[in-house]
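Heads up, there are several structures right after this.
Same chain, two partners: chain A is paired with chain B first, then with chain C.
Showing the complex of A and B:
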């Protein structure tokens, strides 16, 4: 598979007062053409930070990309100028957000908001000429009677329709990569399934890659080719969906999967990983999951495990599981 | 929409009528105007004749209904001092006041929004802190104080501008700035806080993610939505400007409506005071109706509620 995007040792830090918090640390991954990569983790694990760092969508007063590379189309986006980023955003890399209601401007019509992204990458385009394309796009994302809806304001639409408008905006310029940051979290369960179906179908039609961020393992499992599990700003495990879901290797991944209620088993109490996600300060000299890990040994508190590739192709950041893996092979 | 405007205008008329009534009775609490109108040593009979000729001998209720009736017929009354109709008196000075108030108001709006926007974009930097400290000083400093301070520095010490008169552009500078500072500071602070709030909304990132240049995102998306509270503030600042004009015109001897109003109040020239306040009330009410209508243009959700 052709590699479209390559992220190398990305580190993005938040600056609050005197503290430096590595929100994303040593994050490396690749995204192939037409591939769907899922990024999973609890709130605050750095998954959104990674997604936003890719296209420079960060508050530069308090956040900085410290090091690393984001290689896309022969360029390093970390070093790209604002102008270069503008040229890529919306046309080659698009993003849809968690809550469509707050992600669409309340004061412009749906049609105008779709037009805005087209105009940004084709300055000569006129609103009237674009009307047919806009309606076609709205039809494609499953908005009924687009001729009427095109003049609506976002508050006049339902959540599912709003998210479809977001998707229409994201797809207007036929991007190579769609970043979907929790695209279904704010929606009703039935609507979630519809939106996922739509994404799956549009992915094939537009031949695009999707970086899907979610804390919902069900959403990830239903659509992703590969999965990356994040914890405390670092990637702890990455592999194909089958590898990760069938044979989770990292204790954190195992915990996540164990916490999913099953309809076949009868349990008194749902499993949960003890403790909460801690906030780390730089530099980190231990396994970030050690506090909550049932199997953590003395070494885990002394040294941060590196992200190593196992013979079966998956990557893992754990001393214990790495040893097990060696035994397996 | 038509119905909305109709309702708004009706409320405005009621409001203006209320203010006029209030001022009608308030000026009559200040005392007897005839005390000042005749030379010392005038007899009680002469005073009484004057009161009769001004209809001040009649009961208050009668005076009120007569004045209101005259006003509705388009007669605002005759000044006790200038012996002329007050409408003409104000009309002559209207231009002079507008020559001061319009530039001052425009300056306050344009610079206020500009400073507020820059402060919000560069929030928590040195420039932001300096601008906002300046805004607090400008907002709290009384205009007569600032005016006198400016006369001291620029007229007496530096000799850049004349301290009084309204003939040249140079004479406009100080009164204009004095009048503009407080509303400008208020507008800048409002713009900053409102814009900061909007800048953190998700749809600003949504617009950035379309590949729209940052300055267009700021103007088209952030500033437009953040202007609604600012526009409300601007409407209220018009009152400050008109009230401030009264003070500033007196500090800089600017022969406008404000000066006429203050002089008439001192002389207990009832018709002149009443008409002056009426004009202020009408203009503030009118601008606020315009502002209510502009909300609909700024936010479609409010437009919906007009229907």
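Showing the complex of A and C:
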């Protein structure tokens, strides 16, 4: 598979008063063409920070990309100027956000908001010429009777329809990569299923790559080819969906999977990971999950385990599981 | 089995305000449209539905935070009115969704948990503390927590404080309105375990409201599925999953993505979205989205009928089977 995006040792830190918080630390991954990569983790584990760092959508007063590279189309986006980033955002890399109602402007019609993106990347474009394309886009994302809806304001649409408009905006310039940050979290399950179907269909049609961020393991499993589990700002496990969901290796991944109540099987007592997600200060010199890990040994509190690749292709950041893996092979 | 709580044909309509220059009288939002349920002692009754189906309105009517447009609430064989409201609120307590906004930031944890006692009893400080201490231990918080403020705790711990407050008056029934939907999965599971444990140990009953089918399934003994202000199916948890009768319940279950990448893709998702409760469609409220809708469905409102013993459904597809209306 052709590699579209390569992220190398990305580190993004938040500066709050005297503290430096590594929200994303040593994050490396690749995204191939037509591939769906899922990023999973609890709130505060750095999922959104990674996504936003990729396209420079971070508040530079408090946040800084300390080091690392984001290689896309032969360019390092970390070093790109704001102007260059603007040209890429919306046209080659698009993003959809969690809450469509907040992300859409309340004072412009849906059609105008779709047109805005197209115009931003093609200044000569006229609204009238674009009308047909806009309607086509709205049809594509499954908005019924687009001729009428195109003149609606966001408040006139339901949550599911608003999210479809967001997707239409993201698709307006036929991007190579779609970053979807919790795209279905604000939606009901039946509508969520519709939006997931739509994403799946668009991926096949446009050969688009999707970086899907979610805390919902069900959503991730139903659409992603590969999954990356994050904890405390670092990637703790990464592999194909089958590997991660069928044979989770990292204690955190295992805990996460055991903690969700199941529809199909009976579980009397759910597993719960003790403690809460801590906030780390830079530099971190221990396994970030050690406090909550039942199997943590003395070494886990002394050094941070590196992200190593195992023979089966998955990457893992754990001393214990790595040893187990060696025995298995 | 002893009936703890019974609601008889509860309706709650919210009138819409008349617009300027509007001639015709404004409509009403039929948030809850005739719900009759029985909750038995020691039972956890789950209430599931999508946003806007009236789950929360129903819970607020049951709690008597808002008066119903029509209908009666019976508790332990007595009809609840304004007169026995104080007594009712002692026996029935509520756990809220958002542990950040449901705790007063300026009160210490001790004051928060003691507040129901202050309202309902004349206990002195020592007696109150004697009640609070064991609750705190049951809920899994250290005793130092008593003198702290809510902001010093994480989301999961705050929800525990909310539960402790609900337990202070030793209620028989807890109404839990989306108690875990604001929490992360690893925290959510520990709160769910707590609910299950308390049901066994303290003999508590729950009305457990959630939009998450897997959460409801884990906690509840029986489940009521709501759609647009009505209960469309009601059955024991196992029975509901084994023999789903109503097409909406079926669609709801198929829509849940399983945390297994190799799971077979379920039948096509339900088309469309729930209609507006301002002007609900005639007949069965689900007929616009129902794959099996027949002509009759757009004319007649199906009643909730017992199809097999203990399994109720409101659907014309199953008409002619089974017995009486609920």
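Assorted remarks:
We take it that the second predicted complex is superposed on the first by the 322 of 329 C-alpha atoms of A that agree within 3 Å, B and C clash if a C-alpha of one lies under 4 Å from a C-alpha of the other, contacts with A are read in each partner's own complex, and residues count from 1 in each chain.
As a convention for this text, a contact is a pair of C-beta atoms (placed from the backbone, for glycine too) under 8 Å apart; a residue touches a chain by one contact, two chains touch by 3 or more.
Because the structure is a prediction, the values reported are computed rather than measured.
Superposition of the two structures on chain A shows chain C fitting alongside chain B with no clash. In the superposition on chain A, contact is made by A:197 with chain C only, not with chain B. Of the two partner chains, neither chain B nor chain C is touched by A:283. Of the two partner chains placed by the overlay, only chain B lies in contact with A:82; chain C stays clear of it. After the chain A superposition, the centres of chain B and chain C are separated by 80° when viewed from the C-alpha centre of chain A, nearest 10. When both complexes are overlaid on chain A, the residue A:216 reaches chain C alone and has no touch with chain B. Within the superposed three-chain model, A:169 lies in touch with chain B and out of touch with chain C [touch as defined at top]. In the superposition on chain A, A:260 makes contact with chain C only, not with chain B. Counting the residues of chain A touched by each of chain B and chain C gives the higher count for C. Annotation: superposed on chain A, chain B and chain C show a minimal Cα-Cα gap of 7 Å. Chain A uses no single residue to touch chain B in one structure and chain C in the other.
Those residues of chain A whose C-beta lies close enough to touch chain B in the complex are 52, 55, 57, 61, 82-83, 86-91, 94-95, 97-99, 102-107, 109, 116-117, 120-121, 153, 155, 166, 169. On the side of chain A, the complex with chain C involves touching residues 42-43, 158, 160-161, 188-194, 196-197, 215-224, 241-242, 245-246, 255-264, 267, 269-273, 276-277.
Within the complex formed with chain A, the chain B residues making contact are 123-124, 201-203, 205-214, 221, 224-225, 298-301. Only residues 50-51, 154, 156-157, 184-190, 192-193, 196, 211, 213-215, 217-218, 241, 251-263, 265, 268-271, 273-274 of chain C touch chain A when the two sit together in their complex.
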